[in-house]
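Look for chain A in each of the two complexes below; its partner is chain B in the first and chain C in the second.
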Partner chain A sequence: MERSDIYILCIEDEQEVLDAVVRDLEKLEEQFPVETSTSAEEAREVIDKLFEDGKKIGLILCDHILPGDNGVELLIELHKNERTHDTRKVLLTGQAGLDDTVKALNEARLHHYIPKPWSREELLDVSVNLLTDFVIENEENLLPYMITLDAERISEHIRSRHNISDE
Partner chain B sequence: MKSGIKGLTPTQITGLFLGVFGLFLPFLLPLGTLSFAGQIGLGIFIMAAVFWMFEPIPIYATSMLVIFLQILLLSAQGPMYMDAKLPAGKPVALQENTWQVPTGALRDDQTVLVVVESGNTEEVPVEIVERNGQHVIIRSEQLSADHEIVTNTNHRLVNYQPNSYTDYIGTLANPIIILFLGGFMLAEASVKYNLDKNLTRYLLTPFGSRPRFIILGLMLVTAALSAFMSNTATAAMMVTVILPIIAQLEPGDRFKFGLALSIPIAANIGGITTPIGTPPNAIVIAALTEYGKSISFTDWIIFAFPLVIVMLVFAWWLLLAFFPPSVDRFKLDMKGKLNLSPKAIGLYVIFGTTVLLWITENQHGIPSSMVAFLPVAALVTGQILSKSDIRNLPWDVLWLMAGGISLGIGMDKTGLAVWMISGFDWGAMGYITLILVFGIVAVAMSNFLSNTVTATLLMPLVISLHTSGVMGDNFNLLITGIVIAISCSLAMALPISTPPNAIAMSTGIIKTKDMAKIGVIIGIVGVMLILAYALFYWPIVTN
Partner chain C sequence: MILNFAKNWLQDPTRITSQIAKYLKASKVFDVEEIEFDKNDEFFGEGDFNEAVFILLEGTVQLSKKTPNGRNITVDWLRPGALVGLISFVTGEPVLTTAVAASPCRAIKMKEKDFLELQRSRDEVALLAQQLIIGNLIDRYHHVVSVHVELESINETLEKERNHLSQALKQLEETQHRLISQEKMATLGQLVAGIAHEINNPAAAMLRASENLVEFLPDIIRQASPGQDEEYDKFFRLGLRRVLRDSEEQRRILKEWETAYPKFPRSLLRKVTSMSDEALEIVKEQLGEKPDDSKRSELDKMILFYESGYFLKNLQSSTKRIGEIVSSLKSYSRQDKGKYEKADLRDGLNDTLLLLSNRLKKVDVILNFSEIPPIDIITGEVNQVWTNLIINACDAMQDRGEIVISCGYDERYVWVSIKDNGPGIPSSVIGEIFKPNFTTKHKNTSFGLGLGLSISQQIIQKHGGKIRVKNAEEGGAEFKVFLPL
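Let's turn to the complex of A and B:
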């Protein structure tokens, strides 16, 4: 399978948890390379680097409790940034209070909230679903994504939006 | 592998340079009798063919570029011909049947060109008496003092009368394009109100739950829909129908290959059924109409439908033979409810009326392209389609077809098409061989190229075989055209052969090897069947 230039970014300060997230995303990694960072500061650097290389970020999975700026603050900032506006944003946490969660929902247009501990299936389902949204919204040629993402929804989109024509 | 110019692949970069080089190539080669305009036409043809093959730019963009170059370089109003006048003068009479003409008037084959009415010229053989610097003294009994003879036989207007640029840009409003526009708008509305899905649900019910009949049902419904809608949209919709079925199968079950292949195969074949089924049909119909062989909607169905049915049943049998069903029964669970809003009902009425008027064209005689304006006007008048829906129409396909039609007009006008066939003794080939060769070449080419492009590149040859008369009385323009159209739709051996193939392959269910195996068999059997129809069936129904 061809590697796309759409990246998944995981932000989590505990190394074991980060490893677990990356392991659970293994099935997607072949097509959507996974980048990791352990703080908001590092995440910004990774994001800048990726955009410099002409890459896109399709999905961000972010813990709430991080050294420095917390996850919700980071997601709000990324939502306001034009480059990461369309990126699907997931809060993966056990410790965000109601206030923070509401804030993330309202101000960062959080796409999903996954409480810890999570199941591999849930994490994969959510990621596939959100990446499908992302490629449908942002990509011209959807065919390469049918095999890993939601083929039914991609077909449905091709049917109604004619992004492939008879030739 | 992306590198170089704006992310073009090495193949695309090669194509870009080859194509641009091809545009100028005819002026670097000695091309014998080809006129100046023919050389321009050949340059455009080579460039278009190379661009369509290597795709450095999208294929619809190449079509638009073709039209642009034609209005610029070939039209009467373009800079090349706008002030051009054929240089001509009267021969100077010396003695009886002996004339003095400028050296430029004498051609290598010892003829001069006499201007006849409407700017055409006629060759007159002469006998050289004496060369005399800038003049030649010639003898001919066919010349007279009031003849105008061409004084420079290399002039760009020799053997070419440029037509108006409106002929080239007008291809976008060619009746066949308008017919497609009507079809596209009906399809757009059908997708919007889920008519295609609901029809599929109803039509599949009688096929029950036995796998072999479900496959037959899927294929017949896919073919029926793709006869009126885009093959691609139909295949995409049917993929959403089969994915849940495939999810019910064991992971190693080979029956899923058959299921997943049935959709693109049926969508490709289904497009043959009607004039609006698939774009190659348009290229062929437009070219035939230009030469007085107009085909009504009804006629086309009479020609194509019996072949489509045989091909579908054969493909069904083939898929079952290769990938036999592993389970007794399937659950075919399609959810949905018929949309009964006033607008949706409006669509059903418009759809039904239009299709009925199309297929009964022979009975009432109203041309199908005129009927096509019924859905065009009614769907927007009833606001069944909105402004954004209109913008969502596949305009790229309309331009692709328009460019193809325009290229054909240019090739014919400039004498290029006739010149291209002139180097080969076609008459020696025989009619049966000719049909076979065209069928095989069309299937082979369109396995790698767009079906529309294949039809575009081959149709001018068919037309010039007709106009030049080299094939004699045996040649049947109509049948040869139909052979091209149908052959282009029977290419389905590779994922790149057609968009429905690409979609089916992208699901990851099928292997390229299986698609190639089935596709090659269908191609071979298809060409044989075409030959049989061309010999025994079409001659009966075309008279």
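Let's turn to the complex of A and C:
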């Protein structure tokens, strides 16, 4: 499996939870390297460094409450930033009130909302689905993603791309 | 003499009437009859047309009138010497009031002709009749004036009572709100204690299970992989005791290893590189320069044990945390309602802080605890005060800033100070904040009744203590709670 330069970023301040999230994503990591951070501040540094190295960020999973920061606010900030605008964003939360969720949906174009405790299948399904969206929107060559991501949607998209170029 | 003549009647009405009565009875010109009334006999009823006037010689007559609501009210009492039915008799209009004998009465009934005749008489009796009439009218007028005065004083009393009532109603509403809030807290307390108890069992079982697994796994390893068990056991224990490096350093090492072993999956390398430097050296040595597939699958196995170790450790630490939260919940919401017991205020503060830790994630809490003696308090209630004060501080700072909590004691009180570095309390309202229903919050309030500080003050006062508030010189508000030793 070829490693892509599309990263997954997990932001979670509790190490135990972070360990679990990362472990659940292991299947995807062969292709999409996982980066972690335990605070919003560190997340910003990691993002800067990844872009410096010419990497992309396809998916961000973010805890709702972070020390010194609110996950929703961070996602809104990242959505407004050009570099992370297209990145798929998931809020992982133990307690978001409805207000916060609505705000995240409206302002951060939050793509998914996963309540804790989550199941591995759910987390993987959501991640696969969102990464598929991301590569379809942002990648030219979709073939390498057929195995790990949603093959059906990708092949459908490849076909439609061909049709357009045939015309 | 003329000007004063009505006075005679007013001073002694019966003297004049008895003179008139004597005259009338003696005279042959007048056709009058003396009538006796039993108690409750009616002279005339309201609305009747009255053709006679009565000179009351004995007994008391009650004048009453129907109100628009249909109730009968007493308007006046007439005493001997009075003219009964004077006004309707003179005006010819329907009678205004019903006249009833309140006691057995004796009266002279005069028809119109005789009444006019009496006044026209050339004898001294005409003067007496005039005195009688005018005296009666003056008496009625006096009565009207006194009724007005009485009405006014009744109005005053009513007004006072109304004010009193509306104040009482306000107090009642406040008390009701307070009771509802207290009841809510008590219910919440019971609920919390119940839930805490329910969670405690599975949490205890989990903790025990993870401890057992820690004990069993080395045995399992030994039996399943004789020969290699020491190695595996070592990795299991490395996981169990995993201490994470600084994350930047971690990223650097991971990158290093990714370059050194490009064929290895990143997830494997992430786990490997989270081990201690010492362990990493051992792994490096085992892998050699160019590790083949068998080396790699051997590493996979090692890491499986390492991972088992740290997930078990995570299980233990998470379960322990559940246990701590549960025990805080239990001591926070103690169900010994209304019972005073010796307690260290710092324990209650720590319980409260742990339970509010989610709310306090973005706030720096600085604890400046000095040694304080235990005092008699109702723990659950005092914890409610800490909660109110800490949440208020968070609200004031919009959840960002610093809360300093300190404590100490003097010869009379143990005190706790909770200070934030928010905007402080505007001087215009600082005197109001302990009043019920005072609130600066408009939305996102937890209770929203504005009773937090009022209830806090009530609780502290009940404990014989006091709460003081001031804006700190360096900014922010400081609440200081004093509880008696």
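By definition in this document, the second predicted complex is superposed on the first by the 162 of 167 C-alpha atoms of A that agree within 3 Å, B and C clash if a C-alpha of one lies under 4 Å from a C-alpha of the other, contacts with A are read in each partner's own complex, and residues count from 1 in each chain.
We take it that a contact is a pair of C-beta atoms (placed from the backbone, for glycine too) under 8 Å apart; a residue touches a chain by one contact, two chains touch by 3 or more.
These numbers were taken from a predicted model, which means no experiment stands behind them.
Visitor: Check whether A:Asp19 is in contact with chain B, with chain C, with both or with neither, and answer first, second, both or neither.
Guide: After superposition on chain A, A:Asp19 lies in contact with chain C alone.
Visitor: Between chain B and chain C, whom does A:Leu143 touch in the aligned arrangement: first, second, both, or neither?
Guide: Touch status of A:Leu143: first partner only.
Visitor: After superposing on the shared chain, does chain C or chain B touch more chain A residues?
Guide: Here the partner covering more residues of chain A is C.
Visitor: Is A:Glu29 contacted by the first partner chain B, the second partner chain C, both or neither?
Guide: Touch status of A:Glu29: second partner only.
Visitor: May I ask you to decide whether A:Ile158 touches chain B, chain C, both, or neither, giving the answer as first, second, both or neither?
Guide: first
Visitor: Can A:Glu41 be said to touch chain B (first), chain C (second), both, or neither?
Guide: After superposing on A, A:Glu41 lies clear of both chain B and chain C.
Visitor: Quick one: classify A:Glu122 as touching chain B (first), chain C (second), both or neither.
Guide: After superposing on A, A:Glu122 lies clear of both chain B and chain C.
Visitor: Touching A:Leu66 in the superposition: chain B (first), chain C (second), both, neither?
Guide: Touch partner of A:Leu66: chain C, not chain B.
Visitor: Would you tell me which residues of chain A are touching chain C in their complex?
Guide: On the chain A side, the touching residues are 3, 13, 15-16, 19-20, 22-23, 26, 29-30, 33-38, 42, 45-46, 65-70, 95, 99.
Visitor: If we count contacts the way the header does, which residues on chain B are in touch with chain A in the complex?
Guide: Going through chain B, the ones touching chain A are 59, 191-192, 196, 230-233, 236-237, 239-240, 243-244, 271, 278-279, 392-394, 396-397, 400, 450-453, 498-499, 502-503, 506-508.
Visitor: How about chain A: which of its residues touch chain B in the complex?
Guide: 143-144, 146-147, 151-152, 155-156, 158-162, 164-167
Visitor: Could you pull out which chain C residues touch chain A in their complex?
Guide: Residues of chain C touching chain A: 244, 247-248, 251, 265-267, 270, 307, 310-311, 314, 317-318, 358, 361-362, 400, 444.
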